[in-house]
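So, here's a batch of structures to check.
Paired with chain B in one complex and with chain C in the other, chain A is shared by the two complexes that follow.
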Partner chain A sequence: MRVNPSVLFIYGLSLTIMAFALRELSALAVLALINLTMGVLLGGRKYRSLLLAFAVSLIGVWVNALVFAGGEPLLTVGPLVVRSGAVKGFLEVSLKLSLLLSATLIFSSLTSPRDLLKSLESELGLPKQLSFMVSLSLRLLRIFEKDLAEIQLIRRSRGLRPIPLTPGEWASLISPLLSIGLERGKWVGVAAELRGFSLRKIERTRINLHSADVALLALLVAEIVLALYIHLNPLDVSFK
Partner chain B sequence: MSIVVNVEEAGYIKGRPVLRDINLELGEGEVLLIAGPTGSGKSTFLLLLTGVLTNLLYGYVKGTVKLFDINPLDPLEFSLVPKYVGIVLQSHELQIAMQTPIDEVLFVLENLKYPKPMERARLYLLRYGLLSKAGEDVENLSGGEKKRLCLASSTVHEPKLLILDEPTANLDPWGVAEVVKYVREMKEEGKTIIITEHKPDYFLNLADRVAVIEDKTLKTGKEYFEKYLSRELRFLHTSTSEKTSVEAESMSFKYCKECPLIFKKTSFSLKRGEVVAIVGPNGSGKTTLGKIISGLLKPLEGRLLLMGREPYRLKSRELLRKVIYVPQEPAYFFVKTSIEGEVKLASQVSGLEYSKVVEKLDPWIRARLRDSPYTLSYGQKKWLSQTLVSIYGSRVVVLDEPTAGLDINLVYRLFKWMLELKKEGRTVIVLTHDVRVVKDIADRVLVVCGKQVSELSISDAVEYLEAPVLEVIK
Partner chain C sequence: MKYKYTTVDLALLAVVAAVFGAVFTLAWTPYYAVKAIGGKLAAVLLTYGIWYMAAPLAASLIRKPGAAFFGETLAGLVESLLPQVGGFSCFIYGLGQGIFSEIAYAVFRYRKYGALQATLAGALPAIPSLLLDILLWQSVYPPVVFTILLVLAAASGAIYGVLGYLIVSKVSPRR
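This part shows the complex of A and B:
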């Protein structure tokens, strides 16, 4: 399926904005369900580690919610008290993360860095530096997958759990990822400059929409309308 | 002169020069080969020359640089550098920005507004033997193919100057031979070429001039250069124990159901207290084999025993006592945010007293205990990972390309360290393309090829690794 990269960018950006802006659980749940299904179908095989990282991060979100959230006690198991705020907080953050993950999976599965670069700078008129950064993130995401898998293996070799559970273990997984990612970002930027990126001239072109683009934009409009409707007519979801 | 450099000092932070008193004049069509210790400033010199040091990395330069008719230190003229220069960085992972070979080459042509970019890109992919893989995901290319892609994207715009930073790093002998062949072609085309290399022998016949960077300065002339050429480091191959440490029986492996087999019913065994070099082409499965031995991957069929146990069934700590795997990329190895944390973890796991372990550390590591391991240079990271391996005391040590990026003196230290491990009765398994490992330290050599692991005599292994390159550098 070929989708115009600019349309994908608009779709992904809109999902991201909605993930940050929406607070209604029902709206978030509907959007997450639609987009996570699409995202997993399109990029689930390609980005397995990302899905695994997402699943593991939910454990962290739950622990965090249990410790810090207030509200009415819903369940008491020994010293552990599950409060209404914890359930609500966990659901809200998890759904927001699901939307962000969906946006990433859909976006990165349906375009390539060069197509995206050309489309963003010439069709949407974004500055070439910004367009390059966005397109580069697609390439880095694939390498990030590889790095993550490798680091998890090596953790076992160092006598640690491949999948981190505690905050300290998370730090030990994220530190090498960030360190390697930053180094890579810096040198790919240098290499791009040495291959004439600053001399790159942009010719503006019009966006050509095909049926897949129209369908995706229609879906986006429907999702925005749905989110607005639920915002204006909130469903009564309570954990009391 | 095509390149004139007169630099009093240069570096990343004012007052802390990495390079001093650099004076160089290079004529058009000349090939300059630069050697020097790890971390001496060879890459910094290349960044200085291209203006990257001052224009992109916020470094400083006191002096002048002339690159053909432009001054790369001038921010306005810096943007013209790509028209004159093609550069291949040491690590292809740090250079490739696009997802397919054709996109990578087109990116350069589109930047420089070449007419008919597709035609030209295809021509260059053909030249570098990549046309059939033009649309393939770059992550599916072998190391040699990625290096060729970097060469294609660095030369597709016909630059006058080609800069190659460690072009043979991590390449198998066939990949090295290809790179040498392409460099010869470019020299014949009259290009000016600057090469930095830890194994300068490969390019010696092509070089018009040789230089070294040491003590922060560039010294041209053969008298400085000789000591960086490969020399015999031979360590006596001592007798080994008869006890088996690793044994594979009819072992098969593949990564997924649909993936091709990497190993098919292969068998081999390794003894305790021996240094075993595992060689083979890029992508043949050396690293995979290292990971299977290290209990990080599970064989599909057959079995692999590590001191009588199946390693992938062992719990992490128990596994660590038996085997440790050191990856080619040292940053993957670290799990703590400070060197102190790394040393503490290793001491704790091996039951040693931290203060006593610290006393035995190299002085430079002691001085940087509070630093993050990720702030170290590549060579330092490698050295720290080896230090941690010593602390852990695992009985089998698997080292993936341990000599990559190390100068000859560090290679010598590495071999001495391997010898110490061997004397302690530990099995050292080295996954490598480096013929020096085979010649100078290995007791036995296994070759991974055609889904099988088989043994080669040392002399046959030396010939296996040297022949492809010798043919080209003659």
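This part shows the complex of A and C:
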């Protein structure tokens, strides 16, 4: 399925904003059901590790809800008291997190960051300076990940913790990484300038929407309308 | 005061974003490890500042208006474009944190890029970060917990902010 990357970005960002803004359980449940199903169907196989990490994070949410949330006791098992606030809190946060995950799964399985940048620059008029910085960061990221692994290896061989814990340890890890990076950055900048980056003109193209893009935008509008409707007419889901 | 960004400045901002893209990914491991052993409060104090560090570091390095904002926002954007559980929320967090970090330099009219400004630029992002946390987690944590988290996150940010400044002084003393 070919979907315009800018449309996917707008869709993913809108889902994320709704995850932050919505509090109605029923609205969150409907949106999460639609989008998580889409996300798992599209990218569930490719991003199994993300689904696993999500499942583990839900355990953390449940433990936090048990410890901190209040409300009427619903269930008592020895010293453990499950309160109504814990159940509601767990459901609400889990649904919000599943919306965030859905946005990633849908976006990542249908496009790539590079296609997104091209589309944002030519179709939506993103300044070339911004797209230069983002595309360069994405390209450098893989190199820095390798550098980071090397620094960790050296730390291990010196009997230090490979993953830093204290601020001082972080400083000793970031300093060499940044030191190499600045040299690279300086020369990449010089090279880009010599190749005429400042004079480069972006060819603007009209945004080209296919049927899949229109369907996704229509779904987004429907989801926003539904969320607003449920917000104004909340269903009675009581957790006293 | 120089306002115009050269191509080298843009490339250096990209470097900061890429370095922190890699660092942010690594930071989740100590965050969860400390959280499991010492609880959420200890984890916030010891690690939250790492996510606020890109702004003071970028500003100390570039020393131009907007550098803190772009450093933090770009790192958040890069993190959000990679497949991970938080998705686009990283971009929203980065944007909020970048704006608040920038305030630390704006109040000094972009004339000073020292340790004090870096400390403030590290501490201020705790405000938007916790506000966004409240939107996500308000049904789990009571307000008193958020107040404690805000203080701890700001303290952590201040520590890592000044650390960012010291790192730049060490690796790029002439800038």
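The rule is simple: the second predicted complex is superposed on the first by the 164 of 240 C-alpha atoms of A that agree within 3 Å, B and C clash if a C-alpha of one lies under 4 Å from a C-alpha of the other, contacts with A are read in each partner's own complex, and residues count from 1 in each chain.
In the analysis below, contacts are C-beta pairs under 8 Å (C-beta built on N, C-alpha and C of every residue); 3 or more make two chains touch, one makes a residue touch a chain.
Everything quoted here is computed from the prediction, not taken from an experiment.
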Review point. Of the two partner chains, chain B (first) and chain C (second), which one does A:151 touch, if any: first, second, both, or neither?
Key: first
Practice item. Check the contacts made with chain A and report whether chain B or chain C touches more of its residues. Key: C
Review point. Does chain B (first) or chain C (second) touch A:113, or do both, or does neither?
Key: both
Exercise for review: Scan A:90 for contacts with chain B and chain C and give back first, second, both or neither.
Suggested key: second
**Study point:** Partner chain in contact with A:197 - chain B first, chain C second, else both or neither
**Key:** both
Exercise for review: Have a look at where A:17 lands relative to chain B and chain C in the superposition and call it first, second, both or neither.
Suggested key: second
Point to revise | Partner chain(s) touched by A:42 [first = chain B, second = chain C, both, neither] | key: neither
Practice item. Considering only touches as defined above, state whether A:160 meets chain B (first), chain C (second), both or neither. Key: first
Review point. Once the shared chain is lined up, is A:184 touching chain B (first), chain C (second), both, or neither of them?
Key: both
Review point. If you lay the two complexes on top of each other, which residues of chain A touch chain B in one and chain C in the other?
Key: 113, 136, 138-139, 143, 147, 171, 173, 175, 179, 184, 188-190, 192-193, 197-198
**Study point:** Contact footprint of chain B on chain A as seen in their complex
**Key:** 112-114, 117-118, 136, 138-139, 142-143, 146-147, 150-151, 153-161, 171-173, 175-176, 179-180, 183-184, 187-201
Study note, to complete from the structure: The answer for chain B against chain A in the complex is residues 50, 52, 56-57, 79-83, 85, 87, 89, 91, 93-100, 103, 106-108, 110-113, 137, 139, 153-154, 157, 291, 294-297, 316-317, 319-320, 323-325, 327, 329, 331-337, 345, 349, 372, 374
Review point. Can you list the chain A residues touching chain C in their complex?
Key: 12-13, 15-17, 19-21, 23, 43, 47, 50, 53-54, 57, 60-61, 64-65, 68-70, 85-86, 88-90, 92-93, 96-97, 100-101, 103-105, 107-108, 113, 116, 129, 132-134, 136-141, 143-145, 147-148, 163-167, 170-171, 173-175, 177-179, 181-182, 184-186, 188-190, 192-193, 197-198
**Study point:** Complex contacts: residues of chain C adjacent to chain A
**Key:** 5-19, 21-23, 25-26, 29-30, 32-35, 40, 46, 49-50, 57, 61, 70, 74-75, 77-78, 81-89, 91-92, 132, 135-137, 139-142, 145, 159-160, 163, 166-168, 170-172
